[in-house]
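Next come the structures, one after another.
You will see two complexes here that share subunit A, one where it goes with subunit B and one where it goes with subunit C.
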Partner chain A sequence: MKKIWRTAVHGPWPYWVGAMVLGGLNILVLLVRKRPWGVTSNLQDWAVWLAHLLGLASERIPVSQLLLAEGTYLNLGVVLGALWAALAASQWRFRPLRQRKFGFSALIGGLFLGYGARIAYGCNVGGLLNGIASSSLTGWVFALAVFLGTWIGAKILLKFLV
Partner chain B sequence: MSPMVKNQRYWNWAFMSVMFFFFLLLAQINWKLALNLGLGIGLGFALEKSRFCFVAAFRDPILTGMTALSQAVILLLGVSILGFALVAGSGQGYALNVYPLGANTIVGGLLFGIGMVLAGGCASGILMRIGEGFAMQMLALAGALVGVFFGERSLRWWQGWGWEQPGIFLPAKLGWLSTLSLEMAVLVALWLLARWWQNR
Partner chain C sequence: MEYYLDIWGEMCPIPIIKSQRKLKVMAIGDSLVLETEHSCTARGLVVWAQKEGYPISESEVAAGIWRLTIAKTHD
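Right after this comes the complex of A and B.
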């Protein structure tokens, strides 16, 4: 029992345990929200809000609406949950960039993944996992395209970064 | 135990106390928001502890030939498909993720796939690694915010390329039983493929 507790707090959990826990929570999110877990549509609302603040977008999303959005707390929760997981195991620390090129890679990669997610209606969570979980053909096609994209990305990674 | 361990134990208690009061405050404003925060924390905790990563599940078979995470993602897909079918099939008022299918799906998936490898995390993975303290994914989030903004602006344009709206909901075409059998068969085939790929 003590050993199970230790692994639960300090990790790592076996992948299949992670998959079962994430699957259970994913279904609970659907029950609570009446729609599936997603990450980027909430990020999009915040991005539009930020753009308006900087004078780059005409439409205005009131911050009160964002602060009362369920997606905001799901996303915030993921950050806080990971922080807590690291802290509980005394593994939290700030991890600076190892090399400057990884900073560029992160910015450009973020730009690509953000754009791709929004034109395809979802990221790995909302589009792929829950597109497929919703038995939508779009989810399966998206998964195939993401796999091909990953393959191209891996080639780029090997050529320029590693 | 190292002195570092003792050190973070107090930070952990402080963090949990702040979270507790934040949760209570949120529950007084709207209990549903508090519930969402709790679920998000659970998801983030589970992602971190199991080192779950969608990028690695897609990338590692190509880079290293390892498919342990890919197999876990297949399991997660299977659990979610059955759970969603049970929930949405028995209850009313659930809005599932059935979205338009078109060139946007393919191009978006390709760009998303390339981007997540370069950024070192997909959307949920970026959030998880920010929680762990990675500077790289903080930059990736900044890039992603710009990306989603441009994506939102160009969605109309992609619509011009033609797409099937409102998207194909397989159970409406094939019925629930055939859909679920087909999907489970595909997942089992993918799982066998993943196992074979690793043991090759």
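Right after this comes the complex of A and C.
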């Protein structure tokens, strides 16, 4: 019992346990929210808000609307939950960038991920996971693109980052 | 002989590819020591070594820092 508790707090969780917890919570989100779990639509709304503030976009989303959006709290939950889990396992620490090229790859990768997720109307959560879960063709097309993208990404990684 | 590979701050699959290359030039009976501050890198290496049939020991030497030792038992 003590060992189970230690693994639960400290990890590592077996992959199948993580998958089942994620699946259960995903169903819960769908039941409560009446809409599947997604990440990037809300991030886009916040980006529009910031862009308007900086005078880069004419479209305006009021902050009150963003603070009332479920997506804001789902995303905050992901970040704060991860922080809490790392703190509980006493594995939280500053992890400085060891090589400059990793910083560049992270920035370029982040831009592609964000832009790609929005032109695909969803990321791997809203588009892929919940796309397939709701028998949408989008999810399968997304999966195909993920395999292709990963293959190209692996080539780039081997050439520049190893 | 004992070898050490620097994988600080690196994310999978880079440490796995580096380990594969290092193991190739090592002799049977040698061991490879790795240290990482990323839990997913430690996990990825353990899962990979077990799949390849290399004995691996893992210990969290400080909060959020893992030390792994892989024994090269076969080619």
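The rule we apply is simple: the second predicted complex is superposed on the first by the 162 of 162 C-alpha atoms of A that agree within 3 Å, B and C clash if a C-alpha of one lies under 4 Å from a C-alpha of the other, contacts with A are read in each partner's own complex, and residues count from 1 in each chain.
Basically, contacts are C-beta pairs under 8 Å (C-beta built on N, C-alpha and C of every residue); 3 or more make two chains touch, one makes a residue touch a chain.
Just so it is clear, the model here is predicted, and its values are computed rather than measured.
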item	value
Partners on subunit A (subunit B, subunit C) - clash or fit	fit
Residue contacts with subunit A in the superposition, subunit B compared against subunit C	B
Partner chain in contact with A:Leu157 - subunit B first, subunit C second, else both or neither	both
Which of subunit B and subunit C A:Arg93 touches, first, second, both or neither	both
Partner chain(s) touched by A:Gly11 [first = subunit B, second = subunit C, both, neither]	both
Which superposed partner A:Val63 touches (first subunit B, second subunit C, both, neither)	neither
First, second, both or neither for A:Ala82, with subunit B first and subunit C second	first
Touched partner set for A:Leu53, first subunit B, second subunit C, both or neither	neither
Contacts of A:Phe102 with subunit B and subunit C, given as first, second, both or neither	both
Minimum C-alpha spacing, chains overlaid - subunit B and subunit C, in Å	6
Subunit C-contacting residues of subunit A that also contact subunit B	11-12, 86, 90-93, 95-97, 102, 154, 157-158, 161
Subunit A to subunit C touching residues, read off their complex	11-12, 86, 90-93, 95-99, 102, 154, 157-158, 161-162
Subunit B-touching residues of subunit A, taken from the complex the two chains share	8, 11-40, 43-44, 46-48, 50-51, 56-57, 68, 70-71, 73-88, 90-97, 102-103, 105-154, 156-158, 161
Footprint of subunit A on subunit B - complex, ascending	4-5, 7-9, 11-12, 15-16, 19, 26, 29-30, 32-52, 54-55, 58-59, 62-63, 68-69, 71-73, 75-77, 79-81, 83-85, 87-88, 93-101, 104-120, 122-137, 139-152, 154-155, 158, 167-171, 179-180, 183, 186
Subunit C residues within the subunit A interface of the complex	8-11, 13-14, 17-18, 37-39, 43, 63-64
